[in-house]
């Protein structure tokens, strides 16, 4: 048994770095704190690569399946005798794969931030928050039980709140961070309710006992029915609600576009590669339960994923802010992954969707991070977010231009690049199980190619706008990560995922189905072509097109007014019609009754003060009547 | 009938002797040092109080008309302590020039009321009881009208004498009914012959009305506020504490010894009157501005709480009543002491005048706060323990509803006690009462009261002593 | 001298020392020293307790001392402590210690302020160490009265009105409690002359059911009034808003815990059958106070009102969990009391410090304080995150234990109510973030708040002690939950033995 | 031996006297007349005692003693009351009971 106990250091080191930078950060020179942060990340990246290598290639497999290894585990909080929260490290194919993804992207973002954030006021605070985020994301991924995942789930939410609101002077950033936290918090509520229902029925939190296919959890899953669906389905739907919040799927997606208020490295790290895929990881981690005892929940996952990807792709085509375009493309790509999981079966070839989703997660992390960092370099050079104010940048930013082009080609699914392989697997999985979803995803593939190249052409080609001052290429610390990620997104396509990450751990044979590959490439080229025509050179076609579909364009541009709907609900409903009436009720009814008791006593005492009239004869009268009344009472009435 | 048996009446004899000595002493006293008579009579009375505590023989005298037992002696001693404190507090008032030549009459009248009360308490026959109660009431009426130069004092006097005359008339009417139906006036014989006929219940109720007048229980309490406000402050404190205490003691003895057969009726009577007393006493007290009237109504509501102890009719009830009256003496006299000191120094008696008292004389306001907290029944002062035992006694007989009403009434009472505390500590006042230093006797009286308030609570030995003595009526 | 009575003796000695002091400047030093000693004693007590438990001492109450007080009524001054009261004592000593430093700059009547503050602390310490109902009740009332003077004299705004309302409502609660206690006393043993006030002995006897049905509501509502049960919570917003900083710290942090602890130790432990039977009424009331308090906090404009309503919500959660009557939920209730005690004391302390600088508590008038007073703002954010249940801080530990525990209840009704209660974590997040966003983040709206002095040394001590303990419980909850859990065990056994539901 | 008037007549007479006294107390203006009505009440009680003693318990004389003492005490009470009334006349210059009410509420 290979000793993996050192893996506890992977999450622990960033936490210590956070404490160090958080408490003593302002004393160190900014440069030093930056290097400290990046050094720490570099160390754990190496550690995770070593772990991945040792796990996949040296550790032995039991009848062909990778083993789930608990590297270390201690009880953090004891609830009942059977229910207790442990903190520990669980190694299995998807968690090791996620380790590699998170540490790589985080390391790249750290290096990139050294350049991008130079001169910012809260430099060391930024790196402290980055380390906190890496710690919580790694903790989430390596969780041995569902409650530990919930703990780090909340921590990830808070660190994203802190990072989005990094420029706390800007009111828009403050509003965005508050919105992000509350929306994800609402989704986490669902996640918590799911955990409670799950733990009540299965009497355990541990993943291993929960997800063991032969285990008791899945066997009696179908048990007590409640309002039609089995209790396990209810808990899985609630748990998925948590995933929807974190991965910005349809109902809870509104916070991701606003999260672009944060610095661009943050968007690259959190809102492209790591945090947003936490939802996908959650569904993948609970996949045996979803697949075997809660198929209805799996369908929900599929349809939510599909709808989100279509919905986001349509909006992305109309956005002008480059970071918002990338944000919606992220939602769309994650919709892809959710769909892949939704249509997948369990075990062997049935689990093609599962493998495809993980594969796409891996590749998407690479090229989406590259796209965001590229966008960061563009904004850094031009100091504006809006495509309309850019054009013809290929002359000024050569390296960014080439890496950005590679990333666009990858996402569009052009063959030799990794995007093509992972998206093709998803389309194949979708094709085998659900034709409607396949059609939707096929259309989305086209749309993706279109809006990516619309972005590419209008930024790097289009009209030669003269810039107030000469846009300069980004410094070395920013371009190196771009290059590394570009290489990554090219190479990762060839990793044999079917041998590494599968639903039941066993290897299964899968070859490229030309029948699906060719149409997907064609639709990709079609998208690029249209974009080429409309945006390659200055042309009125886009405006004319926008005029013809006037309404739908306006609706799509305003994100189908989802933000206004949420604002209406929170401001009007919750604030005006619940909070204020409650405060009024408390002030004027509950409090008033208490005061009323006091005023009533005062009133009564005022009214009966006449008794004490000062007249001797009145006193005597009361005296005599009192005596007579008492005697009547006790002789006749009250024996 | 050797002379030794007369020692059973030692308390009464000593008091009569003291009264006569004071009377004669005034004749031989040289005129210019008239004020030292008060010092002389206080020392004399102090000696009597101490002698009172010595163990003395107990038993009936005069063929059962006069009975003395451990409990009754304890009651007399409690009254003596209270009277001693009132005497000490009245020294400053007596020093005033308009009272200079009638100091000895003041003491003579007070001691005679005490003699009346002692006879009342150790009565074995309704005649002794009647003589005692009249001897206790009439001199107080004279004392109430003691201040010849104030209208209010005269008004208080007339109101007191006429209402007490009426009440004694009503009581006698009741007693005549009891005599008519049982044919005897001895407590023991009445108890055995007493039945449940309506005439006898009428007699009991009329008798109870007379007693209720003295304890100022609600339907019969209307005289209290005016007399307390009108009469001089020391007489008010004497009335509110000693005369009320004595009346409660004798009512307790009579209810337990003479009317045990109709226990059901008198428990119901007490239930009704106690609820009325507490509630109406509190309702009137809320609105008072004059502190003497304020303390009058507070003493009315306190009478309501004391009735809770009576309702039990068990040993714990009697013990808690006696204990509560002891605590009540200390706290009420403490409060009245402060009122006396301030009204002697500045003549102000309204709560608003007390605003900002803490800034100028903190010690006085602390004493007042301690006294009020003890009246309200707040730990750690003795009032809390007193009230707790009263409620326990009532709860022991299952009167939980009455205890609940009583406990809710304590909240209303806490409200108006805190009004005074608020005036002293919180309200601002541009010309608060000037800081003054009261003379030795007032400070000595405060010392006793504060010691009483603080010590009787924690020192459980006091309550245990009372408990062992009680029910040996 | 047994160690437990020291907890009452030290404050009394501190008060006498203050009384004898001539120079008012040393008053706060003496009280700081006194309460520091108290904190040390609490630490020693925890250590002794844990080592005693470690050494295998399994009887329910440790360090038990029993002095006969009133022989006729069998009233004893009995002190004893188990895991739960040790936790509460350490909470109290922490909050009192922080409270003393938070009121360092009291100007008027310094001596009287510290005397009443420490008198209040004596009442609370006495309450937690005593196991005799009478002594418990005496300390309970002793703790309420100094509140009147503290709010009345040193408060702000409509201080007389809110001081009077607070005192009367709390004394009203203790009035109901008195009747309940008497009821328990007179049913505490079959034969009449063995009646006792001692909790341990009463717990060995089954109080007849009709008596329980009558006295359980009285006792529970009596304690509930202090624990901010729904209809009786209205004293809390006004009381806290006009109380000076240290007083609202002590009151919300510690005094409101008396209600929860009392409800648990007296009402439910001694009368489990009635508790189980009538629990559905109080479950509805407490769940209303949780949701109601949280929603009420959203619409408030004054910082102290927001925190007062949030205390109503959190204390409602405590009573809710106590009613669930199973091991986890009750342990969760105790942890919630401790964690909320620390958090709300921290909040009130910080609000007081902000008020000390900006002289306004209206959040609309202030904005962007993060840049101006970074230390206090960061502490405020940490307090906010702790109160909305961020893992790694004590709020999370308490709330999760309660939710998981409450969800183990066999009956469906209780589980559905638990789900409603769980939604309160979102509402809490809304009002906490609303305050943080308006108050701290964003540009500085008010020009004369440009340069305010940051935290002074005594403010730092007060804040750091509280944050340290909140983080300690949050990061390593194990020692606290086992300490409470082990002493919860015999209580649960007794409750289940009597009515296995 | 009890040839003469039956006891009921005495009792009725006493009750009538009692309630006339009470009526007088409640309605008369003059303090002195109020005092007289109090005397009336006390004498009605005397009649009661004497009637009971004479008719029901002739062998014991308790009733007689009691009424003797009542008469003595009534005298003392009247004396003190009149002294106070004189004092009121000196202060208020009137003995009309309605005007003697400086203290109220």
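As written, the chain order gives the labels A, B, C and D, with residue 1 at the start of each chain.
Here is the rule we use: contacts are C-beta pairs under 8 Å (C-beta built on N, C-alpha and C of every residue); 3 or more make two chains touch, one makes a residue touch a chain.
It should be emphasised that the depicted structure is a prediction, and the values quoted were computed from it without experimental measurement.
Student: Looking at A-B and A-C, which one has the bigger number of contacting C-beta pairs?
Tutor: A-C
Student: Centroid of chain A to centroid of chain B, CA atoms only: how many Å?
Tutor: So the centre of chain A lies 78 Å away from the centre of chain B.
Student: For chain A and chain C, what's the span in angstrom between their mean Cα positions?
Tutor: The separation of the two C-alpha centroids amounts to 37 Å.
Student: Using CA atom averages as chain centres, what separation in Å is found between chain A and chain D?
Tutor: Measuring from centre to centre gives 98 Å for this pair.
Student: Indicate the whole-number Å distance between the mean C-alpha point of chain B and the mean C-alpha point of chain C.
Tutor: Result: the chain centres lie 43 Å from each other.
Student: What parts of chain D, by residue number, touch at least two of the other chains?
Tutor: 22, 25, 34, 100-105
Student: Multi-chain contacts in chain B: which residues touch at least two other chains?
Tutor: 158-159, 162, 166, 170, 225-226, 287, 415
Student: Residues of chain C that contact two or more other chains, please.
Tutor: 168
Student: What chain-chain pairs meet the touch criterion?
Tutor: In this structure, the chains touch in these pairs: A-B, A-C, A-D, B-C, B-D.
Student: Quick one: in the complex, what on chain B touches chain A?
Tutor: Listed in rising order, the residues of chain B that touch chain A are 158-159, 162-163, 166-167, 170, 198, 201-202, 205-206, 208-209, 213, 218-220, 222-223, 225-226, 265, 268-269, 272-273, 280, 283-284, 286-287, 412, 415.
Student: Would you pull the chain A residues touching chain D in the complex into a rising list?
Tutor: That would be residues 609, 612-617, 620-621, 624 of chain A.
Student: For the complex, which residues does chain A have touching chain C?
Tutor: Listed in rising order, the residues of chain A that touch chain C are 75-80, 83, 85, 147, 150-152, 154-155, 158, 165, 168-171, 174-175, 177-178, 181-182, 185-186, 189, 192-193, 196, 199-200, 570, 574-575, 578-580, 582-583, 586, 590-591, 593-595, 598.
Student: Please output the residues of chain B touching chain C within their complex, sorted ascending.
Tutor: 316, 319, 373, 378-380, 384, 388-389, 391-392, 395-396, 400, 403-404, 407-408, 410-411, 414-415, 418, 421-422, 425-426, 460, 463-464, 467
Student: Using the touch definition up top, name the residues of chain C that touch chain B in the complex.
Tutor: That would be residues 69-73, 75, 134, 138-139, 141-142, 145, 148-149, 152-153, 159-160, 163-164, 167-168, 171-172, 175-176, 178-179, 182-183, 185-186, 214 of chain C.
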